[in-house]
């Protein structure tokens, strides 16, 4: 098995392109999405992306604010208690982003179908609602019978819906720990990351920690994403900031509000990108941008004890540099 | 949450009955099935059982040999390298047990569908084969178009099969560790135990170890079966014997062959039941029946290190007795 | 007694939960109402979040989201969305739940997706135009609407929110009323109550149109009718909802540590 | 050189694997052939078992089953059947695999379910009677047959096993030949070879009927025809399969620690 560690710049350069279908996260708005990967997508100016989002997060909010999202299939487009996602909301209301609505359970089911090689999944979810009848992709037909067409259960005769399975071209998935081959451990709910890692054609991992493979051999039942479905691994501390990574850091409430406020306008978005996207290139510089004091504060989480069993296998920055072979 | 610890005798008395639909294991033939629970079913003389078996194991082999299995839906009816399952084979060839064939992936998919509340799951598996065309339940129709009826994918027009979902009345699932509320940790592949624990209407857990709930709070990502889907917990060491429980004991090769040899005939089955089913009533007596030397030998497994992180939370027999409240 | 309208609403919602139920809560008001019920009168209620977080209670304040560390610090199990929303909720297994609504109609259909300029709603013009205001989408509320044995809708009682027909059905209630849910095969039973800051509406057993069941001491039948956008029927037995007891208030405030419900 | 027929068969099977392939093996002969290939010429082959056991190699001898502790002692990941058989195999993701057969027919259909008294097979009498001999069922072989990009069938070459038509199709090959797989929408490509203790058969690119491609130094075209229950076509380029090289034998025997293949 080969060493798959690459830099964030390399990962975005190799695994993203204009017009791609990109799935992210498999996480909730305040949960473990690959926000750092999104920042780099914005920096490299990826455009016209078809997003497969379980939920919106600050990552998709940022990319949409920057005008990079052509289309998005999503279960929840807000930021939970942080309110509406202003960047995305602006893009949708102006018609820049076409938003196709599903539900929080619907997207994981569609990814499950894609992972299984099924062309569709049967569903009662979204059925009998405007999530089935209204389609932003086919706006001129209402009620629409093609987005979630009817299918008859051959055993009971009940008519239910069929949802199209999803096989995104690329997914970036945040995990707590990965080894250099791509074996991954997630702490906290895995939300839809398991099925996403199998449904996507290419998978890039963004990890809080790089750990030795011995950690995986001690806890193989925790390795829900095995190396064989992973194409690249990026080490990026605080990669979910300003949201939280269970066990590692809490969400930055102040920055969540601040970021969302700036994304409300085009000028604010430019300002945000200058300050928090273009202002660094290495993980070390990224931590400086957040600020040492803030990082230390956020990394004191009531969930820290969850990482304790694995600490002895965590690689130091110096060890990781060596594993990166001078990249 | 209530203390769900009960004895094996109570579990079988409360959760099994003649004519029931019973699912077991979600395990492979040499893997973690609830063999001890099957022994008690045989002792209590449960009859006419409709088995939902992912694979046959020594448990279903024994119950079938004893004449307790009316019908079985199964993906694999053998014992892997240990050969044919003689008790089951005899019951099938004599017409005592109706065996309805699926595949090893088909049964988990059907349990998944049952857990999801879908009436069916789409399938290419079993499709275009005699697993679809031949039905032991409806022997007079061949080719059969009702066992796995055709369904058309509304997106591509491809015709595929629909498999009926499964919601067994009761499942017994073996796990490595459980707390008294039914939170469970499995070591080794979980095979189809996750979806089985959600598809079954009642779930009884058979555990190698009882651990403190603090263990679950330290490793919540390992708790793939949470308390809320569990009805009862039975503590039963060596409960998978003569097959293996990853991390705890290896399979007893000698007894695997010996047991299977006896189950080949009715007389042998009676002998086996006398010696290895009716000869004990407590876990302690059960270990005596296996023999201390043999137990010690089997419990020296190359997989033992997998249990190390959890040892400090394992309850002693004395503590468990107290938790059982004098049962 | 001194309490806020929001506290009354949370307590009235909490009273809809019975001991022993399997329940799912969202963040915010819904979680407060649920944990209040558990503390007050339903100690054996089993609650989880759609994040697949089991056995936990909030630590350090109300969570900002259902995957927030504040709800993950003392969990006994973490699984995933397919498990929590699919196997436990959409499947028909959950007994009770709470969802919110930006707009709601007389058959209990909920809109959390978008507000359209009057006359441009998809169901009126037969096509999908851009909403004037994009809301957040259904999240896991659609699963609850489809699968929960019953559930409660919480909403601020205003005329523009209580519409004859919602602009967009994000989470289906009784759709066009009567038996309409049957047509869709939903495992769940539909909404059992709409609890607002003014009172409680319940569905007619046959037509499934929501009528006024009860009001608070600080509201009235007239006020509720005025603030409802459809021709609201009133139960012949319409009654006043008992004020919070001291014990209820004490338990609610123990859950609402930061006093978020007292503010208004 | 001194080697057994079973060793030749395992090596011939192993040669069908290329470096870098994602492969799934069963227990026994299949696993030996696979691990031999990995050691001998396909170091970057990624292998797993249908048990959802990843990254492991056998410890303490060949496993008795795919969930045996002997294959679980040094895994990097344990998942489940839906993942291994559904998401990786049936979905069409796996490159190559090996399955066994108790009975096989000219279109590569495999029977591992039962042997019927001649004339009572379901497809002959239009009903399902009891098999004379109950076999083990398909296990995960059906998933491989449906989903693997290609796969190899290993079988003992005997006339009664190599039938015009199998009693029961447990794992579909090319069904009735030609394009027949297309009718069923299978993601996988079908069997690429039947490797026996006498030689190798391959499917005709158009008719999908298996013809004799090659034989071993210790067998012959005639012997193979005699031991085949259908009118076996022989390739105009039929050739002898090269004997094992010293390196191949060394690598096979390193994998077959207990010498199980040498015994016969």
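To keep things simple, chains are lettered A, B, C and D as they appear, and every chain counts its residues starting from 1.
FYI, contacts are C-beta pairs under 8 Å (C-beta built on N, C-alpha and C of every residue); 3 or more make two chains touch, one makes a residue touch a chain.
These numbers were taken from a predicted model, which means no experiment stands behind them.
Compared on C-beta pairs in contact, A-C and A-D come out with A-C as the pair having more. With centres set at the average Cα position, the gap from chain A to chain C is 28 Å.
We define each chain's centre as the mean of its Cα atoms; on that basis chain B and chain C are separated by 40 Å. Computed from the mean C-alpha positions, the centre of chain C lies at a distance of 56 Å from the centre of chain D. Of all residues in chain C, those touching 2 or more other chains are 78-79, 82, 86, 90, 147, 187, listed in ascending order.
For chain A, residues that reach two or more other chains under the stated contact definition are 109, 116-117, 124, 153, 158, 160, 187-188, 190, 194-195, 220-221.
Taken together, the touching pairs give a contact graph of some other shape, not a line, ring, star or complete one.
Looking at which chains touch one another, you get A-B, A-C, A-D, B-C, B-D. Those residues of chain A that touch chain C in the shared complex are 27-32, 54-55, 74-82, 84, 88-89, 92-93, 95, 99, 101, 103-106, 108-109, 112, 124-131, 133-136, 138-144, 153, 158-160, 187-195, 244, 246, 250-251, 253, 256, 301-303.
Of all residues in chain D, only 22, 44, 46, 48, 54-55, 74-79, 82-83, 86-88, 90-93, 147, 187 touch chain A in the complex they form. For chain D in complex with chain B, the residues that touch the partner chain are 27-28, 50-53, 59-60, 62-70, 72-73, 78-82, 84-86, 89-90, 113, 122-123, 125-143, 145-147, 168-172, 175, 180-181, 183-187.
The touching residues of chain A, counted against chain B in their complex, run 109, 116-124, 149-151, 153-156, 158, 160, 162, 164, 185-188, 190, 218-222, 305-306, 308-309. Taken in their complex, chain A has these residues touching chain D: 1-2, 115-117, 183, 194-195, 198, 213, 216-217, 220-221, 223-228.
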